[in-house]
Every structure is written in C-alpha cells, then in structure tokens.
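Please go over the structures that come below.
In the two assemblies presented below, chain A is common to both, partnered first by chain B and then by chain C.
The block that comes next holds the complex of A and B.
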C-alpha cells in the first residue's frame, strides 16, 4: 500500500479555493470598501486629530482601519469559511478524497492569511499613497518645515502594515482553533472577538497584576502572558519616522513571536479537527 | 500521486466487520445506536444497493467507510485498507446525499478542483474535467456558477466530481434524489456504463425500482442492522413460478386452457393484463419529444 504523504499542493489548492470564496462574497467587499473609505476619507476628518500632527493622524486612521476592519474581516472569514464547509457539507466531499485533515485546516488557514495579507497590502499601499500626496501638498504649503525633504519613512509604514498582517495571522490561527471544535459559527465569531480584546488588553492585566505585588497575581499575569499573545508587541513600527526604526533584531523577534503563537494555535486546531466527526 | 493505484486484487471493494456507531444524545451519557454490529462485504466490480428506511444507518455506514466518522466498535476497510487511513480514499469517488457544492465556483472550476484533490495531474485535469462534465450532460452549463444550478444539476455535477479522478469505487448516496425521470434514467445508464468499465458502484436510494434495474446485489438495513443481503435476481425472482404473456384470449379459450392445465395437475393462479411501467411510458414520450426537438434544432 503506497502511503499518501502530506501534500503542500493540496493544501495550496484548498487555500486558493478559500481565498476565492472570500473575495467573491459581498460581505468581504463591504468590509474592504469601508476600510478603504476610511483611509481615503481621513484627510477630511483631520479636524478630529486630537492635537496630533496631520500626517501622524492620517497614518493612525489608516492603521486604525487596518486593525478594526482587518480584525472583523479575519474573524468573520475564519469562522464563516470554516463553518460553511461543515454546515454546507462541502467538507464531506472534500475529505472523502485522499486529503489529510491537516491539509484541510492548513489550507483554510493559509487562505484566510492570504486574504488578510491582501487586505493589509491594499490598505498599506493606499495609506502610503495618501501620505505621499498629502506630504507633497504640505511641502508646497510650508516649505520651511520640510527643509530636509520628506519626513515620513515609507519603509516604516510598510513595516507597520506587515506587522498588522502578522497580528491578523495570529488572530486567524486562534479563530481557527476555536472553530475546529466549536459547534456553531456564532460561538466561533464571538470567541474570535473575545480573543481579539484579550490580546489587545492583556498587557493592562499584566501591569495590574504586577502592581498588586502578590505572588498569585504575578503567576496569573505570567500565565496570561504565556497563553495569550500580546498584540501591543506588533505596534513597534507605528511611528512614521525613520529614526524610530526598531532594528533588525527587534523585527525578527516580533516576527518569531507572532509565527510561534500562530504555529502553536494552528497545531492545536489540526489536533482538534482530526477527531471531529463530519 | 496515482489516483488509481493498485490495491490487492482479492480484497473486496468494501468490508465492515462488527461495525457499531453510537452517537451521544442528551447530557446523561445516553447514546443512539445508528449502526449495530454490521457485517457487510461488497465484492469488486458489482453494483451494490444499500437500502433501508430513513434512519436505518445507510449514510452513517458510508461515512464510517470513508473515515468521516470513527466507528464506536468494529472495523471498515476499502479495498483491504482500513478506512481511517487516507490511503483508503485514494480509489473512491463519493457523491453525498443532497450535495451542496461551492456556490462561488463554476461547474468546470468545481470539477477541476476536485480532480486536483483526487490526484489528477495538472496536465490531465482539463481533459478529465471535460470528459466528466460531458458524461453527466453538463457541458453546456459548465461555465455557470454552481449557485445557479437546479437540484438535478447539482446531483449531476456531484457525479462528475465523484468520477473525475477515475476511481475504482463510486459511492453514490441517493444519486437520483430530486432528479427528474429523464435525469434519473441517464444516471442509471451512466452507472451501468461504469460497471461495464469494471468499476464498483455502491448506491443508496429510496427508488427501489431503479435499484432493482441496475443493482447486482443489495443489502437492506433497518435500525442499523443488516436484515437481508443477496443477489437481486435471487431475492426478487421466484424460480417455482412462470409468467407467459400471450395475446388476449377470449373467455372460451381461457376456459379451455384452464381445463388443459387442470388435466395435467396444474393450476392457473392468475390472469392479468400486463402493465407498462409508468417511468418507461414517461421516458418513451418525453425522450422521443426531446429527440425530435434536437433534430429540429
């Protein structure tokens, strides 16, 4: 009996199909449209800049749109694209082929990550264009402020976009972990948003536990920090200035941090789905 | 990857030994037994009907054979390979009951996708997909999104994806559900053609007439248990009786015939007017009309 090995090709085909399904759905068009509108419209919202410099405000708007709509897109896509396979029984037909369940889960994950990557690339590209145009206008209007040329580091903007993508990839892995054992799509989506909030705010809990000064609090803080990724880690490139570049070592550490959490969550999702009855 | 890799020639296409499947119901550890100590052997190269009322365990048995649910006890094998192994599904094409496919793909994209998943190479995938779509009569609708297909078309595209990688065994769960009589007849003919090519086909269906027409052997399940199994000819035929069809006889000649039989110790048990089957009349009329329309076109 010839063994059927794990196939990157089949995984890639499942990923492609997942991505195609997402980009042909109106809900995803709507989310992407809203995000694009926010980035494009940010320059007309600059009266609400809360004292921040205009270009920084534009960048914050762009990254805010990426975080908010990217998270909505990732959580919805992960749960919806996974559960549609179970509820519509397309998974039955697919897993009746010589396909490993690990290929199925990895393909679904890869498809969602590609979707998030496309979203982040689109918004980052648009944000860079908006910043470039507005910076050019400001340079013409206030040449004395830009005597040294352009101030925005577009490499930093690209790095921040890449970190947003990495963050969404971690979120997708955790979403898939929940979906792999959840019985309903609603539960999976609600849990995804819950994970998002915990990951964004876990540093506050850690600080609070540290301030409490008790051993139990410290242990709880460490446990939380180990179990749940800290999404603030991915905010290292939010500055627009080249001199704030975090350095290659820091970038690699953040990339490993995100990839590590994503790999563990994905591995657990595969383990859970292996025993699931379709 | 070779889609039609060889399996031991002597192994039956499908085999279950003491198969039990329990599903938990409620919170008190109660279980519903869907399949109850089922021993079943499907020889290679036959058309095999799996019959039974709703809830008799047909679909659960199929899912266990495909490794989609884990047996609570017992074992299943496909061409001698244990079902939980991915290798067991290499030579299998499966059409699920009430199939629902990716609505965002066209029929052609869908069949191509499943062909690649079944191991068809990139070089062959276009030809194989076109062949499969043509075999089920969907060539003209191949570039329409699956979301716009009727139920009958979904069944047909489901059949195309099941056979596109040329598997040795096809498992068709209610293949004619929702299909009109013309489509059902076409599917029946396709199944017979597959058998002629040496394939094994396992069908579940509520249309017992169709099962009788195409199947070599059947098994009847009830509440998860096997209640009857055998060759269709042996089960439905009566070797101690004969029916003679003659032109309509007048009463006097019928009386003479009865007397002739009685003189030889025989009894004429029934005199009936033969009835044509309704599906045959339908196919004859509609098929002929469609043929004439095609000729005019």
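The block that comes next holds the complex of A and C.
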C-alpha cells in the first residue's frame, strides 16, 4: 500500500469531502445558528450588564459563543465524521485503494480545522460588525467620550478570533487522537469534552500538586502539563484595546505552542490509526 | 489487547515528552497572563468553585458575573449576609475588570453588613454601643481589605481611593488615613478635583491646618478656571478661611496669579 508516495492532493481531497459532509449536517447548522443568534442577541442582553463597559460585554458574549459552540462543533464533528467512515465501511473501501492511513487521518483533521476556521471567521466577522455598529451609535450618542475616535481595536478582535481557531485546531487534533484509538463514537465525543475541561483547568491541578511540596506531586503536575495543553494561554488577546496587544513575541509563542501541540497530537493520531484494526 | 495497550502507552509517553518540550514556549506568556488575572490563580478559582470553572470554560465571563450580581442583589434584599459575601467574592473572581463590582461590594461589606448584624442581634437599642462599634470597625476593615484587592486589579482608579477614604473617614474616624487616601485619589490619572478639596478639608479637621493651607496654595494655580468641577473660587475662599484661622500676616497671604 505504501508503495505510492504520500500525496498532499489526496489528503486535500479527503479534507474537502470531510468539510462538505460536515457542512451538510443539521447539527452544524443548529450550532452555527445558536452561536450567531447569541452574538447578534448580545445587544439585547445589555440590560443585564452592570460592570463591564458595553462594548466589552458584547465582545465577551461573542468570544464566549465562539469558545462554547466552537468546542461543541469541533468535538462532535471530529468524532462523527471519523466514525461515520468506519461504521459505513467507507474507510475500508478508501483504504483498500492506494491511500495512506496518514492521508486519511490528516485529511479528516484538515477538514475539521477548516470547518472550525470557517465558524470562527464567521463569528469574528459578525462580532466585529456588531461592535462597529454599536460603537458608531455610542459615538453619536456620547461624542465627548470618543474625542479621539473609535476605541475598539478591531485588530485585537481578529487576533482573539484567530487564537480561538488555533485552540479549536488543537482540540480537533486531540479529538482525532482519541477517535483513532476509541471503539465507539460516544466514547470519543465524551473524551473530547473531558479533554476540553482538562485543558482549561490543568494549570489548577499543576499548581495544587506544586503546593503539596512533594517530589511525586511535582512530577505528576509536570506530567499533566506535558500531556495536555493549557487552553487558558489562548485567551491572551482577550481585550478590545490596542494597548493590551500582548506583543509579537507573545503571539508567536502562543501560535508555536498551539501548532506544536496540534502537530504532535495529529502525528500520534496517525500512529494510533496505523496500529488499529478496522 | 496487549498491542492496543502498548500503542496507547507509547502515544501517551510521546505526548508527555513532546508536551514537556512545548511547555517552556508558552511559559512567559502564561506567567504574565496570570499576573493580570486573579481568576487564574488557584486560591480564588478553588474558592469560587464550580461557577468559575463554568465561566472560564464558557468564556461568558461578563454574563456569568452579571447574572451572579443580580442574584446577589436578590439575596441582599433578604439580608442574607453569608450568601451575599460569597457571591461578592464570586463575582469579582469571575470578572475582576469592572470597578463597579469592587466599589459596590466594598460599600455593602463596610456599610450594610454591620447594620444587618446589629439588626439580627436585636437592633440598635438592644445591642450595646461598644459591640456596635466593634462590628462597624470589623466590617470597615473587611471593606478596606476588599478595596485593597480591588487596587491590585485597578491601581490607577481614583474611585477606589475615594471609597477607601470615605470608609476611613465615616466608619473608622481615621482622619489622617482618610486625608492620605483622598490625596492618592487626586493624584491618580483623571483624579477628581473634589478629592483634592476633601484632602485639605480632612487635614484641617485633623488639626493639620497649615498642611491644608500649603496644599491648597499649591493646588489653586493648577486649577483650570473654566472647569466648573475644579471650583477654583471655592478653593480660594478656603485658602482665605485657613489664612484667617492661622492668622497669616497680610504680606504672606496667598496672591493668585490671575
């Protein structure tokens, strides 16, 4: 089988097919609809807003929708699209042809990442539009507060959206790693949500272990920190002000960190899938 | 089965190894981020429990904090002190960015809590004056501690310094501390003019009239004449009052440049 060389074109074709399949699913439409409704509807939730400046409140709702619904979309899409190929036996047909297992897994991953990318781009664009319109209204209402012009840094909003995508890309790689080993779709999806929770809270466990003061605890903390990435790092651009820009170095570090984890998890997913009986 | 386990063990070992190599890349960013965000520290996150977890996961920080604030008000109306205290801590842990939460939280702790406790103990007529005093001072100290935590988040907020001064003045009667806090409020970027006037007034009440006069003499030339909030004419009138009180000789009296 591996006599043919690895083909990026075949990988791309599998990715395209995966993306198309995902976009056709009703669940995708439902999740996108909910997320869009939340971002648009955030304007009507302003009455519940006490503390944060209004524009910040709108941005928080937008990023919250991106994180929550994006994670749900990524986890379900990864597990569903992977297992549908196995359960429908299309994977057998596909892999009987000169297609590498690595191409199959990488194609599935690429398709999911493109799906998450489209979702994040859509929500980021909509959030920017909502912020732009509302800021314009506020400028007309309170011109004395906006003497220096617009205050929202739309570059920061775009950067935050990009980091959300990167986080979902890492999550997709971990989801695929679990799926490549798991026997059932349900297990893969449940594990995906566990991974999401653990990745968000691993720093707490690490700190708790470190506080215990024992060498074993310290090692356990480090091991946990190595096994799963720290998703809180991706919130580094969680601000609307240009002055809060974390700096090019920090952006590069977070990008490298996310890309590194995604690459390692994807590599291991390929490794697991190659050792799997279909 | 053995083969599956071997595959899983190999994958986990490789992942842990690669992760240990990747961790130092994000470490400086993470350290800086945690310095800015109290919700990302173990102490606060563990105390606030499940809600913080939800908020951190969902990203709906502002929304979660706002809903908790509404809930806190409902409990505040019922004078449920432990629940209000818990929710105040929760709200500022989830979203420490708005000064509004800190300010109102400090006011509730310093002003409302002692009244509730006195009322719960039978009211002002039943509770001995010294016990009432102790409760007031106890909660004023808690309110100041709360504001101290707020200042770690918002070191340049004049509102927090004004609130601190108000508690020191009205609840503790500590004129020197209140005067110092009003001055800090005035020195903050966009510090309110009234804080400067209050600083001088509290100094005068503390028996430090000469310091108050010196402060107002240096303040007056800096006040913008066309800004109503600056109240330059009022400051000048207070300078004259203090000069009379201190019997400043006419030759040494303050002479405004304009």
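As a convention for this text, the second predicted complex is superposed on the first by the 274 of 278 C-alpha atoms of A that agree within 3 Å, B and C clash if a C-alpha of one lies under 4 Å from a C-alpha of the other, contacts with A are read in each partner's own complex, and residues count from 1 in each chain.
Convention: a contact is a pair of C-beta atoms (placed from the backbone, for glycine too) under 8 Å apart; a residue touches a chain by one contact, two chains touch by 3 or more.
Given the structure is predicted, the values throughout are model-derived calculations rather than measurements.
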Room on chain A for both chain B and chain C (clash or fit): fit
Touching partner for A:146 - first (chain B), second (chain C), both, neither: neither
More chain A residues in contact [chain B versus chain C]: C
First, second, both or neither for A:7, with chain B first and chain C second: first
Touched partner set for A:245, first chain B, second chain C, both or neither: neither
Which of chain B and chain C A:208 touches, first, second, both or neither: second
First, second, both or neither for A:225, with chain B first and chain C second: second
Which superposed partner A:261 touches (first chain B, second chain C, both, neither): second
Least C-alpha distance (whole Å) that remains between chain C and chain B when both complexes are overlaid: 9
Set of chain A residues, in rising order, touched by both chain B and chain C: 275
Complex contacts: residues of chain C adjacent to chain A: 3-4, 7-8, 10-12, 14-23, 25-26, 28-30, 32-34, 40-42, 45-46, 53, 56-63, 65-67, 69-70, 95, 97-101
Sites on chain A touched by chain B in the complex: 1-4, 7, 9-10, 13-14, 17, 20-21, 24-25, 88-90, 92-100, 275, 277-278
Of chain A, residues touching chain C in the complex: 45, 48-53, 56-57, 60-61, 63-68, 177, 181, 196-197, 200-201, 203-204, 207-208, 211, 222-223, 225-230, 232-233, 235-236, 246, 250, 253-254, 256-257, 260-261, 264-265, 268, 271-272, 275-276
Chain B residues touching chain A - in the complex, by the definition given at the top: 1-2, 5, 7, 63, 66-70, 81, 86-87, 89-90, 92, 94-96, 98-102, 104-105, 113-114, 116-119, 158, 161, 165, 171
